[in-house]
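Below, subunit A partners subunit B and then partners subunit C, in two separate complexes.
Moving on to the complex of A and B:
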């Protein structure tokens, strides 16, 4: 049997049906893509519309300059820096752990590990990301804190240090996994080029492979930062619920996220100023995450221009 | 004619598969030796024995010698550290592979790996090797811009400069022009001919005209064996072996 194909006219039913089908599929794909954009805008709209009335009662100056965050007290104060300091502190501790360990783990997996060992190590490392965060929270509170108290007796039972450390452990696989992918994507001829110059594996890894993969590694860091900023359960359980404008890791502290959890579990009347603070904290958190994402994108774009 | 190195009855296997079979040839000082032969004949494998690149991948076995003169030291011996071999024998690859660093840092790389810290010395070496690679005039005013911004031909000359900066005993070229356009190729050939004044060169090439034009000696390989070695003029005009003649006249390969 011979296969024959013939030209159709623009008016033919077959062709019109096919064009219709194509445009229908195109439209439905567009709608799927649109939905995520719409949801993002919906979230932003809700946050802003609920947060704006807050600023009728509280001036922006007080919001930024007040040194305490006590919205539910008799004499409420709304210094957002108090909560931000908690968020920054725990995030900084987490990254101090996660960035070096995650990067080194990635170098090991990508450059030193045999294929078979990687098949074992990588899933095990990624398992760290599969542990529920509430488990990490209690791990920090009931295991890490008592352990640290043996070394640092002045450590409070709720503290930023152990929450930050555990959060760091939690983030390692995000950083190591993405960084490893980026390093393994570095072409073999760069690796061989360096080794042929008489460089050792270590020199090759840190002087050639890491710089060549840096745009991917930077994305991994940005993801890690976003995870740390937005992490809720660990800090709510282990860091305490005491807003404090301080960068002392040994004291308890409250992050933006932990505050949202604490307040939204109570029964605040809708529309009250206390209720609005939830949205305000959420908005600040969103702005922080967005800022870091933009900075990360910027770094990545500059790196790509430099090295491509 | 002074020998810089000699390959003596070399067998090489990868995962128990014999790739080189009893290869022997001399490498003369300040001369260009070309390795030619059809794909899969083992010419690149032989080239990568000279700087022990195979050691990176395991499951390999060298049997035989590559002696480096004047000490007549067998660089394939287990007692020799492959990293130290690579410190003495430079290599330029098929595809230009500058590091994602500045032009300056690319050439400084080999010196830094060898522990050189003195900036004035590095600066001097960079200018010197860029001049040798005839790239200095094109890049002297932008040593700090990225090496990857150069054209393909410039990148390959940068890779040559990078290898020259460390004053290698032997320079290995693995089809150095196969990824380049004809003009860049001509430029590199001219450069290589100039370079033999200061360094001994072993070059793998697919391009027979290139071997005839640039190499002093040529060895024809086939199925892992050295079929014929001789002066290029003799190999290309009056080969002794039938296989060599068949290959250079285009009857196969």
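Moving on to the complex of A and C:
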């Protein structure tokens, strides 16, 4: 009895203190992890609460059906489709560059390169994603546009084409890295089986590996789309500030993001209609990108279940 | 007799055709990579050739000015430095703590799933929406104003997912027998994390931190919405002061019609590009060093 009490009292106090400290650390780490959820709710809440009063002044019908976006004019019109057409136009141009090039680069890196070559090329390609977007904007406006104007003389000095092209080059690494990861996750025996049947590397790549990795590749495309939709500086610098409901890539246009930049550059009192419109544009953008992100994650989760 | 030989010839031409196609695709892949890398190279070369003549000591130590040849980036690079300092103070501890929690503590339940899904989505939303959130919340609701503190916190939120994801990936590469050995010697969970998990994953975590900072330095759009000014002719003396940063200064110069300012923009872009490429190179090097150090 005496031994036991001597053994247990100081020890249990020390142990209880230690357990308390351990659970305190665990709790504070949990709170840190939870903060990211608060950020998401903060973003969604702020955007919705600042954007909603806008719809007291403007009917949803006008918002969707108006064919012009002129909120700061005397006779304001709020046709969101005008800005959305700019966003979709530049995104479409970017994707026609990024999807073929990104896919070819991914197949090449995953199936044709030696391990050594891949270790060199992959980080180099990823540097494309490291360049600040404002630098890409400069490049689009002052290098690509003058270059294209030599081929297409009718090209305006602010245009959707060069902004889209540069954006496409910028998102190549997003698409190629994720696609390559997906292709390399395809089990080796599929590859070997195909080669053993006498198929060439090219046939194996496009008839076996790409279909097997398709959900991963598709999710890479979808994430590339959402990256292009939200890209701001390239389009704000090179695509111009002219909202236009048209799909002509040679003219200037304005995207949702470029509109937010343009309005934020001036001084806007909180609560004014101009201030509300940037939140409306932001909310539309958030809904678009979140939708694409969720689709992409869904496709990818399906792939991960397939090859466990 | 003649039919077998013609089939042999057919097979031979077939194989040769396939080999030719293979070679052709190999060539296409090489050209694709070359095209992407040449674009990067021409971007760097164009910026260097236009901007290099403007790079001088006075360019680094002059304030912005109406006269292009007198304007410099003093307030811009000091501002960038201060903003990134606030960003790191906020995002690095929070990001590493979240990563450690998700890998070492979190049980597999719906809450964990929710946090994970949420981080994936945070990484995917456009940077400008962070700016809108910060304008509504930090600037107007918390009355922090258009200050260095607001800007640093905005970028902190933006790069948080990068740090969380890379921390988790780094911890995941540590085999579980390391943990088991530590527990079997009587170490507590925190002792195990502090003495084993964090040191062994520090290479991966540092890589993530460096990439996150390089992203923060180059980020422009969210700072425009929270009101980074373009004409700041003084140095900030407190975190509540107005500020400008390098990418905003460059954006301002690009947007002007005069060609002289475009030269300034190229010079500022060259400084910015050098910084981000240097940071990314550092990240690749750290990853390489630690991959050699720990082999499980």
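One rule holds for everything that comes next: the second predicted complex is superposed on the first by the 266 of 308 C-alpha atoms of A that agree within 3 Å, B and C clash if a C-alpha of one lies under 4 Å from a C-alpha of the other, contacts with A are read in each partner's own complex, and residues count from 1 in each chain.
The criterion applied here is as follows: a contact is a pair of C-beta atoms (placed from the backbone, for glycine too) under 8 Å apart; a residue touches a chain by one contact, two chains touch by 3 or more.
What you are looking at is a predicted structure, and each value in this text was computed from that prediction instead of being measured.
Asker: After the overlay on subunit A, what do you see for subunit B versus subunit C, clash or fit?
Answerer: fit
Asker: Let me test your reading of the model: by the given contact rule, A:20 touches which partner, first (subunit B), second (subunit C), both or neither?
Answerer: neither
Asker: For A:200, is the partner it touches subunit B (first), subunit C (second), both, or none of the two (neither)?
Answerer: both
Asker: In the superposed arrangement, which partner chain does A:297 touch: subunit B (first), subunit C (second), both, or neither?
Answerer: Once the two structures are laid over each other on A, A:297 reaches subunit C alone.
Asker: Give one of first, second, both or neither to describe whether A:190 is in contact with subunit B, with subunit C, with both, or with none.
Answerer: first
Asker: With the superposition applied, I'd like the minimum CA-CA separation between subunit B and subunit C in Å.
Answerer: Across the overlay, subunit B reaches subunit C at a minimum of 6 Å between C-alpha atoms.
Asker: Quick check on my understanding: which residues of subunit A belong to both its subunit B contact set and its subunit C contact set?
Answerer: The overlap between the subunit B and subunit C interfaces on subunit A comprises residues 200, 203.
Asker: Which of the residues in subunit C come into contact with subunit A in the complex?
Answerer: Answer in residue numbers: 18-19, 21-22, 25-26, 28-30, 32-33, 35-37, 39-40, 42-43, 46-47, 50, 93-94, 97-98, 100-102, 105-106, 114-115, 117-122, 124-133, 135-137, 140, 157, 160-161, 164, 188-190, 211, 214-215, 217-221, 224-225, 227, 247, 250-251, 254-255, 262, 265-266, 269, 272-273, 276-277, 280, 284.
Asker: For subunit A, which residues count as touching subunit B in their complex?
Answerer: 187, 189-190, 192-200, 203, 207-208, 211-212, 306-308
Asker: Along subunit B, where are the residues that touch subunit A in the complex?
Answerer: Residues 51, 53, 56, 83-84, 86-87, 90-91, 93-95, 97-101, 109-110, 112-114, 146, 148, 159, 162-163, 166.
Asker: Which part of subunit A faces subunit C closely enough to touch in the complex?
Answerer: Residue positions touching the partner: 18, 21-22, 25-26, 28-30, 32-37, 39-40, 42-43, 46-47, 49-50, 101, 104-105, 107-109, 112, 121, 123-128, 130-139, 141-143, 169, 172, 200-203, 205, 223, 226-227, 229-233, 236-237, 257, 260-261, 264-265, 270, 278-279, 282, 285-286, 289-290, 293-294, 296-297.
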